[in-house]
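Here chain A shows up in two complexes: once beside chain B, once beside chain C.
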Partner chain A sequence: MYARAQTWWTILRICIEERLVYRGDFALGTLMRFLPIITQIFLWTSVYAAAGQGDIRGYTRDDVIAYYLLTMVGRAFSSMPGLASGIARQIRDGEIKKFLIQPIDLLGFLLLARIAHKLVYYGVAIGPFALVFFLCGNYFTNGWPEASVLAAFVASLVMAFLLGLFLEAAIGMIGFWFLEVSSLLFVYMLFNFFFSGHMFPLEFLTGYLPDWLQTVAHYQPLQFLAYFPAAVFLGKIEGPELVEGLCVQAAWVMVFFVVCRVAMRRGFQRYSGYGG
Partner chain B sequence: MAFIEIRGLQKSYRVYQKQEGLLASLTGLFHREYRNVHAVQGIDLEVEKGEFVAFLGPNGAGKTTTLKLLSGVISPSAGEARVMGFVPWERTNEYRRRFALVMGQKNQLWWDLPAAESFRLHQQIYAIAPTDFDRTLGELTDLLDVGKLLNQPVRELSLGERMKMELIAALLHSPEVLFLDEPTIGLDVIAQHNIQKFLKHYQEVRRVTILLTSHYMKDVAALCQRVVVIAEGQIMYDGSLAGVVDRFSTHKVLTLQFAGDQIPSDLDQYGELIEAVAPKVKLRVDRTEIPKVLAALLAGHTIEDVSVEDPPLEEVIADLFVQSSEQAGKKSKEVLAVGHSGR
Partner chain C sequence: MHNFLRYPRLFYTFARNSLIRDMTFRANFLIEILSNIGWMAMNLGFYILVFSYTKSIEGWDQYEFFVFIATTMFINSLVQGLFMPNAQELSELVRTGGLDYALLKPIDTQFMLSLRRINWSSLGNFFVAGILLAYALQHLDQTGFHPVQYFLYPFYILCGVLILYSVMFSLAATSIWLGRNQSLYDFWFYITNFSRYPMEIYGGNALGSSLRTIFTFVIPVLIVINVPARMMAMPMKPEYNYLATFAIVATVVSLVASRWIFKRALESYRSASS
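Coming up: the complex of A and B.
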């Protein structure tokens, strides 16, 4: 057990060091992500002014901006830049062989590498995040949620990280069959943009979708990447609904974990059958 | 049972065939033609513990495929293999802790980090005890003289230095079997020599079993007692390096030095003229004809000096490759298979 923990720690440490090699580029990329906030504030202000009503499906303008800020937090956990394309590239150029030859588990390695990426990211981003939340504090009209809601929020963020990881890793492993996954990834990103709630709260879709799609939208996995944690924080999802939401999210994490495992096993089989 | 045992090992791939041009690309979306490439066609081989065996063969002969099969990266189409009793493509962790594969053209180290970090990671992955790790790393860095380079990012190392680091990474867990695929490819003569010297020393001290593929005859001559010549996925020869010449060279090279400044003009009848700079001549003569040719030459001309030599090893091997691929070409080993899109 101790040896295993040490292995994990070494991998984590080395991944962190690797992330820090190109620190200038990394810091710049991280900071640039905060720029769109300003346009979002202008955008929603004019949307609400044009609509001429105080709230849209239960969200005031302040709510929507607070929601947007919270989805940024959610996405800081769930987005996995370069993961799927990285796996597909490793398959294409044969680097994936390493995981066949050495006694190391690909999925475990990816998990640790991503934790390292995220830790480094938070290390750099925590300053700007704190500043933005301080400056935009007024948009959170209800103030801080109570401790139990905050705990649920944190749990949903952790699961959002795992879900994002396994989902994108599964897409990357399609590379075992198709070698190039970039267009598939593009389609995924498109769906992700809408159905994760990154663009606007998912409530805004109600009324525009047919009933059956409404049901699908209610249970689909992408919402847990951004919408769900934000809605929990804002108190839009409470009580039994909140518990159900967390259970559905946990179920999706499990589903995509299994999908990843199966895809990896089959993929390696195929890889070793066809070439390598 | 032998340390490495291979029986009737075969590996075929299906390769997509695309004709040139846009139209072909479009039809390729719906209907694809595949060609079956038989990379390894029934190899039988036994290697004992502590042997240093070289696989020789032209590009595409099946050498690398065989090493990939033995290291479990790919699984065979037919046949079986056991390495230390393990079936490689089952990829048990127990097996993976006991061998290493080094590919000259592939990089296993972390590109942006110093090699020392990659080594540390290997220590963890292979569960190497700290004392063993320190000792082995110390020995290897001394032998390869790279102690000063350990903390330099891998991307800033020269090709030769990087290869040394690759070797260290592969040997840290003291593998009992080592597969080396073109370990000296692209290296200059000095770097090649250093790697050879190291491998020779390491193998002698540790008695590891090594299978090596290489294009450089010098690698092979310096290192291996046993040579396996592979061409077109089959074993053409298995034995000592000197034996290759005995077995496959059909000619010898006759060097003659005539008295005076002139060389006779009728030398063509004895063999193929390779070089003629008066008064010296080099002739390629059929092996069986040597006594007769020599007798005739000595009787008809005044000769001051004479020597009979085997042709250079490279030449023999090159001839052998050409012969074997011609033979295989006759057998027409490729079968066209037609299938629908999707691999």
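Coming up: the complex of A and C.
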């Protein structure tokens, strides 16, 4: 047990150090990532001015902007750049063999590596994030939510991280069967872009859907990557709905965790060790 | 004269080679085209959604805005198809020292570095844009339209492409100074992001006006799409004539500036690993 904890600690430390190499590039990149928000502020200001009504499906203009900022936080947890393509590449060029030889679990390693990445990311990104949220504080018209809502927000963020990790890892595992997953990943990113709520609050869309699709939209997993945490923070999802949402999110985390495990086991069985 | 004539021939050869290369992986080529169209469809979907809540955005109604989106697609597909792969490769050439090879060729280095690879799959969006434009034009009230706009529209699209090319190539040239410019694509995305909206939305406060001024006169990305789109959707409005004239000036200045930056950057090129 102790030895195992030590292994994990070492992996975590190595990954953190690896990430810190490029910290300057990192901080600049984070700040630049907020630039599109500026355009969104202007765009939605124009839209609300032309719409002539104070709110669209329960969101005022300030809400929409606050929502965008919050989805940035959600995505800071849930986005896993290069994870799926990395796994597929390791399968293709044979690097994945090391997990068959060394007594390290592939999923455990990925989890630790990503925790390390994220820790470093938050360490560097907290500056730009704090700055932008301070400058945009006025858009949060209700101020800070209550402690219980805040706790739910944090829980949904942590689960967003796990969901993002297992979802992308599952896509990467498809590489055991197809070798090249980049086109598949592209399709996933396309859906992710639209249905995670990254472009607009999902309420804007769901109002137009037929009933059966609304049910699908209500339970679909991608919303938990960006929309759900933001909507929770803004108080758009409350009470029993909030509890239900958190349960559905936890269920999706479990589902994709199991999918990953099964895919990894099956994948290793049919893996024929090509490449270096 | 003979010297000058070989550039179109070279371009033809580059285009042919790239097509052969793309056709080697036909399925991949098809998937790339489809996913490009997919992204555009998502983008269009977003605006259809927005226009379900409002009649217009700063004077652009839905079909006028479709013209705007079609213009964005025309210009982006040309820029991504012709120049993007080359600009990305330039920073790689600098890092690996492969730039030596390009410098030794008896043709203009900028020409070679700008057009060597053509990404044919990006041009798929060009046709989708054509369909969208035709569809949008059918729904527009065409009173006040003038035949000359149909000639000026492609001309200003070309201007827009050249301005974006200049910005992109200048950015890529900086990798000669920096050694490596991995965030080129990011930077590019964040700058051009400003160009993809009607310039009227940048207004109402100091930040808006200064953004509009900077991205019109310093890095002229705002006029790239706005001028041709307006030429097609709301042509010949006298108050925008100055902008249309300025677009020509901006194109020439951008091209000259990018060439100057590239030449300056080349002077400090120290060949790597060869």
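Throughout what follows, the second predicted complex is superposed on the first by the 269 of 276 C-alpha atoms of A that agree within 3 Å, B and C clash if a C-alpha of one lies under 4 Å from a C-alpha of the other, contacts with A are read in each partner's own complex, and residues count from 1 in each chain.
By our rule, a contact is a pair of C-beta atoms (placed from the backbone, for glycine too) under 8 Å apart; a residue touches a chain by one contact, two chains touch by 3 or more.
Since the structure is predicted, the reported quantities are computational estimates derived from the model, not experimental observations.
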| message | Looking at A:Ile11, would you say it contacts chain B, chain C, both, or neither? Reply first, second, both or neither. | response | first
| Looking at the overlay, what does A:Trp177 touch: chain B (first), chain C (second), both, or neither? | first
| message | Tell me the contact category for A:Gly94 with respect to chain B and chain C: first, second, both or neither. | response | first
| query | Taking the superposition as given, does A:Ile104 touch the first partner, chain B, the second, chain C, both, or neither? | reply | first
| said: Going by the contact rule set out at the top, does A:Leu190 touch chain B (first), chain C (second), both, or neither? | reply: second
| message | Quick one: is A:Val47 in contact with chain B, with chain C, with both, or with neither? Answer first, second, both or neither. | response | second
| field | chain C-facing residues of chain A, complex | value | 25, 28-29, 32-33, 35-36, 38-39, 42-43, 45-48, 50-51, 56, 183, 186-187, 190, 193-194, 199-200, 204-205, 208
| field | Footprint of chain B on chain A - complex, ascending | value | 3, 6-7, 10-11, 14, 17-18, 21-22, 94-95, 97-98, 100-104, 177, 269, 271-276
| query | What part of chain B is in contact with chain A in the complex they form? | reply | 13-14, 68, 71-75, 89, 91, 93, 96-97, 100-101, 106, 108, 110, 112-113, 117-118, 120-121, 123-127, 153, 343
| In their complex, what parts of chain C are in touch with chain A? | 28, 31-32, 35, 38-39, 42, 45-46, 49-50, 52-58, 182-183, 186-187, 190, 193-194, 196-197, 200-204, 207-208, 211
